[in-house]
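Beneath this line is the structure, given in structure tokens, with notes to follow.
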Amino acid sequence: MVSYIIKRFLMMIATIFIIATLTFALMHSIPGSPFDSDKTSNPVIQQNLEKFYHLDDPLPVQYVSYLKAIVTFDFGPSIKKPNETVNSLLERGFPISLELGMITIIVACISGIILGTLAALRHNGLIDYFAMAIAVIGISIPNFILATVLIQVFAGQLGWLPAATWSSPKHMILPTLALATGPMAIIARLTRSSMLEVLTQDYIKMAKAKGLKPWRIVFRHALRNAMMPVVTIMGTMLASILTGTFVIEKIFAIPGMGKYFVESINNRDYPVIMGTTVFYSAFLVFMLFIVDIVYGLLDPRIKLHKKEGETS
Amino acid sequence: MTQAQQHEHVAAREKVLEVHNLHVTFKTFGGEVKAVRGVSFDLYKGETLAIVGESGCGKSVTSNAIMGLIPQPPGRIENGQIVYNGKDLSKMPKKALRKIQGMDISMIFQDPMTALNPTLTIGEQLTEGIRTHHGLSKDEAKKRAIEMLNLVGIPNPEERLKQYAHQFSGGMRQRIVIAIALICEPDVLIADEPTTALDVTIQAQILELFASIQERMGISIILITHDLGVVAKIADRIAVMYAGQIIEIGTKRDIFYRNTHPYTRGLLNSVPRLDLLEEELKPIDGTPPDLFDPPVGCGFAARCPFAMDVCEHVEPPATYITEEHRSYCWQQDERAKGLFANY
Amino acid sequence: MTNIDVKDEWFRPKKKDGDEKEQVMRPSLSYWKDAWRRLRKNKLAMLGLIFLVLLALFAVFVPIFSPHSVTTTDLPNQNQPPSAKHWFGTDEMGRDVFTRTWYGARISLFVGLMAALIDCIVGIIYGGISGYKGGRVDMVMMRIVEVLYGLPNLLVVILLMVVMGPSLTTIIIALTITGWVGMARIVRGQVLQIKNYEFVTASKSFGASSSRIIRKNLLPNTMGPIIVQITLSVPSAIFAEAFLSFLGLGVQAPYASWGVMANDALPVILSGDWWRLFFPALFISITMFAFNVLGDGLQDALDPKLRG
């Protein structure tokens, strides 16, 4: 287990390093450098930038100081917002995005697992068809489309719920719904198929032959084994929720990091784009690392490495 | 009718389980499979009844039906009774059936590698059955589990209880599976190919374990297997199944030495025997019939060297060679005598 | 048990008839025919397939024959609700939403298919080499894949789009840079599995060359999962395009894509001009749905494990 964690940890560091390098290389491949003075209008900003990036230094020196800055979690100033740094934007925006993301993932997991388990237990029954219909539709509707439709219906036509901001639980319903539906659908489908497979296993037959109560067979014997594939996709799921927050925050005018990120894309605020990308990537890769450890804890068979030949 | 007399005579021994005219079908993508087509047999106290046959002959489906493990749908018990303690298990509500499963009738599965849950400790898997059925406390159940592990020959039971299935070898796992099946002291143990997945030396150990447990606990065993070597070692009576039906049933001596059905002979001839070194192995030609559309007459007719026209048209009736030895073959009919010189 | 009258003359040896045994067996279908038969039985998947074929046809022909142009603005007629003249209404520049929707279908399908195709080629070559060579080569190649797999896809795509500038080509490039990894993993896993099958060992022992083994044994047997992966990666590419367009990183005005149209509709969603959002939203969702059900259907049809 310890060497498994160490291996995963080294992978994580390598991935973050690659992302940081990639970001640096990409940003410096933009013709005429993103930090040219004509792209910023404010002399204060220009000064900050030069100080932060040592723009007159040769590239390798810039690269080293950039890596140093990342290690110390300092992502530099914005070139469009005076007196703002990427860090100050992150401090304000990230907690809100994190809240949105956490609520979403909790809602998606709970509802997805319940839906998928019910569908598997009533295989080819009415609940199964209903759950799978919801799941396929949920996967097919992009979150930003669902968000706009929800606003049009529940905020516009019906006027039941507020259409924007993140100020009260009531305001959180529509954004969470829009963001959670896709992941919920994916989790429901995966839970169902892995549950169906687990239910055909000999140890489930054996549990039935012991005369155990059905709920015990499902919860104690089947669910834990059926959760393994669900845990493995948790990483990619987090990534899609995270990128989903960009559009959801844009649509619902939620003052999270996603909104700042989209703004920075639209006005080409390169340091913010760069800083956010590196920060979010590092965050995701770290979550992936956590997921791997959780997986190792759930499955007593995992000692050093995953099984060979496992796909997706 | 002679059948009634036969039954009366045999009834001197105590019957534990009776299966009457069992029919099981499965709906599949390609149509309806008639997996078991009218199986009847009795199981007596303290005996080992072996059900033998090729794969797909319906022996496992029969045992699953007794255990109440036919998934419904796609499976369905179309017809017949499974009588235990005067009650028909096949028509019992699930809740009542659960009181019998694991308590009075329990089962051992073929592959010990997959029969144990990989994410639960051995201790939990051993004790959950007895805790459900007898309402034992954790400590009492643990004590019982340790006893059982001792009985099946697992050293250091106390520590082993905390371990997971992957920490045991194949033979050890099968011992654990046996311990789980026996912890509630059932009357009937169904063993579905219990030694097939094991090494030969371990097979022998497990078979010995069966024999000693049977002696100690006096349980009845239904042994499902295709391995006639295993059968020769521990069975008292043998039922031979083919294409979803029992085609011959009798004592071990009846089946091995006084068999009457051409399929039984074919089956025995296709297995190497140490006592008949010179004899050539003769595989049975052809393949079993398609159970999507089972033949009208005898299921074995298409492969049978002694097939007659009648075999294709009419299912052969039961012939009682002795009160315990029953065969389903038209060769037993008076009118067939002398037709085949080499029969 | 039977009440049939058993006639005496039936007791004579049966005539041996070799063909009879064969008749008992069900006719064995070839893998692809069998898969096609299964797929046809799946109504939802067939519906998806038919929808996609129609979508492709309309996407090609509607913008050609439509009386309205995709780009020409007609300001006096802005934000008109659906009518006989403009079936799906008009947008804020007075452009015909019907024509733009089908033009958007072109963009979406083109991006989706191109991205999936390139993913597929790169993934098959990379995964094939990795799985077939095995050993150290495989280990190094898979380490690389593992690291790439850990990258947050859409973030990298966004970064690439920001740097390369929004256009159709850059979308496809950005999507494939991150997209081939999944395919490579699947192909490699499949190759690794099949490589050890006995029939491959058999042809090796007969001295078959590597390229022959790959062509005759490995490729046909890996096709199933590859096809499934393609049908599932097309909708994710379509989603990514719409997502990027929605962020302002996709196809640029005056050209239309479903994501662009949905983004343009954002300011008016509360004013009651429902058609601006409804049609692109409907089409993007149905298209994704069609690909998803087709992919599911193909997965069921092509998975020989479930063959009954």
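Note that the chains take the letters A, B and C in the order they are written out, and that residue 1 is the start of every chain.
Criterion: a residue touches a chain if its C-beta (ideal position, glycine included) is under 8 Å from a C-beta of that chain, and two chains touch if they have at least 3 such contacts.
Keep in mind the model is a prediction, meaning the values are calculated, not measured.
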For the chain pair with the highest number of C-beta contact pairs, give its two chain identifiers.
A-C
Quick check for the class: compute each chain's Cα centroid; which one is farthest from the centroid of subunit C?
B
Chain whose Cα mean lies nearest the overall Cα mean
C
Hey, how far is the Cα centre of subunit A from the one of subunit C, in Å?
24
Provide the C-alpha centroid distance between subunit A and subunit B, rounded to the nearest whole angstrom.
53
So the centre of each chain is just the mean of its C-alpha atoms; given that, what is the distance between subunit B and subunit C in Å?
48
Please output the residues of subunit A touching subunit C within their complex, sorted ascending.
11-12, 14-15, 18-19, 22-23, 26-27, 29-30, 136-137, 139-142, 144-145, 148-149, 151-152, 155-156, 163, 235, 239-240, 242-243, 246-247, 250-251, 262, 265-266, 268, 270, 273, 277, 280-281, 284-285, 288, 308-312
Would you tell me which residues of subunit C are touching subunit B in their complex?
1-2, 4, 6-14, 20-21, 24-26, 38, 308
Could you please specify the touching residues of subunit A with respect to subunit B in the complex?
124, 201-203, 205-213, 216, 220-221, 224-225, 298-301
Can you check the complex and tell me which residues of subunit B touch subunit A?
67-69, 73, 97-103, 106-107, 109-111, 114-120, 128-129, 132-133, 164, 166, 177, 180-181
Sites on subunit C touched by subunit A in the complex:
146-147, 150-156, 158-160, 162-163, 182, 185-186, 189-190, 192-193, 225, 235, 239, 242-243, 246-249, 262, 265-266, 269-270, 272, 274, 277, 281, 284-286, 288-289, 292-293, 296
